[in-house]
Amino acid sequence: MRSALAALFVREVKIAGRIGGGATVGLVFFLILVTIVPFGIGPERQLLARIGPSILWIAALLATLLGLDRLFQADDEDGSLDLLMTSEVPLEILVAVKCCAHWIMTGLPLVLASPFFGALLAIEPPGLAGVGLSLLIGTPALTFLGAIGAALLVSLRRGGLLMAVLILPFTIPVLIFGVATASDLSGPEGPGFQPLMVLAALTLIAAVTGTFAAAAALRVLLR
Amino acid sequence: MRLRAEGLSIDRGGRRVIRATSFALEAGEALLVTGPNGAGKSTLLRAIAGLLPLAAGSVHLAPSAGFDRDASLSERSHYLGHADAAKAALSVRENLEFWAALLGSRNRPAHSVEEALTRLDLSRLIDVSAGLLSAGQRRRVALARLLMTKRPLWLLDEPQNALDSRALDCLLDMAKEHLAGGGIIVAATHTPLPIEPGRALRLGGGP
Amino acid sequence: MLVYANPANFLRLVERLLPAVTLLTLVLFGLGLGLVFFVAPADYQQGDTVRIMFIHVPAAWMALFIYGVMAVAALGTLVWRHPLADAAQKAAAPLGAGFTLICLATGSLWGKPMWGTWWVWDARLTSVFVLFLIYLGLIALWQTIEEFGLAARAAAILTLVGVVNLPIIKFSVDWWNTLHQPASVFRLGGPMIDASMLWPLLVMAFAFTSLFITLHIMAIRNEILRRRLRRLSLRVANQAELPSFGKAAAQ
C-alpha cells in the first residue's frame, strides 16, 4: 500500500508542477486580495498593522477555497476517479493523500509568501512570524474542509462560488482561532499558546472529518 | 471461479434502467452486453464494478487466487470505461506505472511497462506526454493498463472505440489470452465484437 | 411506518392529517398568545418588551429541532435510501432558515433595548448565525444540482457534517463568556424560570412545533407532486421523440 500512496502523491505533485497555473494563480489571487485592502481602507500604517493578520487569513481562506474546486473534478472527467475507487487502498486514504499533495503545492506557497505580503500591510517582523506560523498550522484545515465541498460538487462543472458558500461557514472557527493565534504569538505579553493548541486541534479534526466526508461524498455522488 | 448476478435492478437518474437481470459466468467465459444507446449497458458495467449502487439483487465473484478472501469485486476487476484515465501532463510510462502501483499489490507484482507497450505497439511513445496522443493511441494506453496488473474480471465498456483494425486484433488477442488464463470478461458494445467464447445479453427491449 | 414510504400512501395520509394539524396549530397559537399577553408578567426592568422572548426562544428551539429533523432525514437518504427522506430534507431547509431568521431578528429587536446593541459577535450569536449560513448553503445546493437524487445525497452529507454545530450552539453560553444569557430551561437541575413564564413558553413552543409540522408535511406533499409532474412531462417528451422505443420508455 505504501507504494500506491507514494505513487499517488508523486503523481499529484508532478501534475500540479507541470500544469502550473494552480499554485501561481492562487498566489497571485492572494497577493491581489492583500493589496486591495489598503486601497479600500486607506494606507494608515497603524490601522493596517492592526488588521493585517486578519486580512492575510481571510485572503488565504478565499484563495484556498476557490482553488480547490478542481481537486476531484479533473479525475472525474478523465475517468481516473472510477479507477481510484477500484484500488485496494481505501478511498479515505487516497483522499487524504490528494489533500496533502494539494496543500503542499498550493497551500504551502501561501504560507511561505505571507511574511512578504504581510510587510505590505505594515506588520512588524514578530507579527509576520506569528501570522506565518498560524497559517502553517491552520491552512491544512482549510484544505481538508474545502475537500468536502470539492467532493460534493464533483459533478457540477461550475461549482466554485457555491463551494465557497457551502464550506465557508465551517471554516469560521479556523479563521477565528487562526487570527487569535497570530495575535497571541506576537502579542506584547508573550505567547500563551492556547489559541495555537485549539488551532492545531481544529486542523486535526478537519483532517479526519474532511477525508471521511469527502470520501463518503465521492462514493455516494458518483453516477 | 464464477461470476454470478441475480435479479439485478439498477436505477439511474431516478429511472429504473436495468430490471431483474441475471446471468452466471464461469472462468474463461465472456458476456457481451448489447443494446441501443441508453439501454443501460454502461450502467450495468458500472454497477458490477461497484461504482453504482444496486437497487435490488446481488452480484458475486467467487474467491480468486492471489487476493484476500474478503477482497471486494471492485478490487478484483479491471474497469475500462469510456474515458481513458490518462493524465495529459504525464508521459505514457508515468501513467501506466501509476496505475500499476495503485491497482496492484505486493503479492501481485506488475508487469513491466515496456512489455505492455510492446504488446500494444506503443513502445515508441513510452516517454511521450499522454496529452499529445491521438484518441486511438490513448485507448491503447488504457488497454495497456489491463496488462500491467492481473485482475480476474474485466469490465470493458465499448473497448473497441477509436481502435483501428490492427489494434482491434490486439484487443481480441488480449481478451483470448485473458479468458484462456481463467479470467472472465463482461463487455458492452453496440457493434459486433468477436470475443470467443461469448454469450450475449441484450438490454433495452426492441428487436 | 414503512408503508408510508410509498409516496402515494404518504399523500393520502397528508390529506387526512392536514386539516387536523392546521387546526391544532391555530388553537395552540391562540392559547399561547393568550397566555403570553394575559398571564405572563411584564418584566421588572424591561417592561413588556420581554414578551419578545416568547417568540424568540421557541424560534431558536425550532431552528435547532428542524436541523435535527433534517439530519435524521439525511440518514434516511444515505443509509436506507428512503424515497420520502429526500423530500423531507429539501422541504425542511427553507423552514429551518425561516425560523433561524426569526430567532436572529427577534433576538436583535430584544437585544437593542436590553443590551444596547443590535448585534454582538459572541459565541451564541455567532454559532446561530453560522447555522443560518449552513441552512442557506443547503438551499443553494438544492437549487443548483438539478438531479433530485444527487442533490439529496449531497445535501445529506453536508447536513451531517454540520451537525457538529448543534452542540456548539447549545453549550456556547456555558463554554464561553457570552453576552447572551445562559440556559434557563434545558439545563441539569430543571428549568429556573417561574411557572407563569414557563407555561406560556412551553405552549408557544408546542405551537411553533405544530406550525412546523403543518408546513413541513405541506412542503413534502408539494415536492412529491412537483416530481410527479416532472416525471409525467419527461414521459411525454420521451414518447414524442422515439416512437419505436415507446414500450421501453413507458416502463
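Just so it is clear, A, B and C label the chains in written order, and each chain counts residues from 1 on its own.
The rule is short, and it goes like this: a contact is a pair of C-beta atoms (placed from the backbone, for glycine too) under 8 Å apart; a residue touches a chain by one contact, two chains touch by 3 or more.
In this text the structure is predicted, and so the values were computed from the model without any measurement.
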item	value
Chain contact topology (line, ring, star, complete or other)	complete
Label of the chain whose CA centroid is most distant from the centroid of chain A	B
Chain B-chain C separation of Cα centroids, rounded to whole Å	47
Mean-CA-position distance for chain B and chain A (Å)	37
Centre-of-Cα separation between chain C and chain A, whole angstrom	32
For chain C, residues that touch 2 or more chains besides their own	147
Where chain A touches two or more other chains at once, by residue number	223
Chain B, residues touching no fewer than two other chains	13
Residue ranges of chain B in contact with chain A within the complex	12-13, 46, 49-52, 71, 74-75, 77-79, 81-87, 89-90, 94, 97-99, 101-105
Parts of chain A lying in touch with chain B, wherever the complex brings them together	1, 3-4, 6-8, 11, 14-15, 18-19, 77-80, 82-89, 222-223
Of chain A, residues touching chain C in the complex	148, 152-153, 155-156, 159, 162, 165-166, 168-170, 172, 209, 213, 216-217, 220-221, 223
Parts of chain C lying in touch with chain A, wherever the complex brings them together	78, 126, 130, 133-134, 136-137, 140-141, 144-145, 147, 150, 153-154, 156-158, 160-162, 164
Complex contact set, residues of chain B against chain C	13-14, 16, 19, 36, 39, 53, 204-206
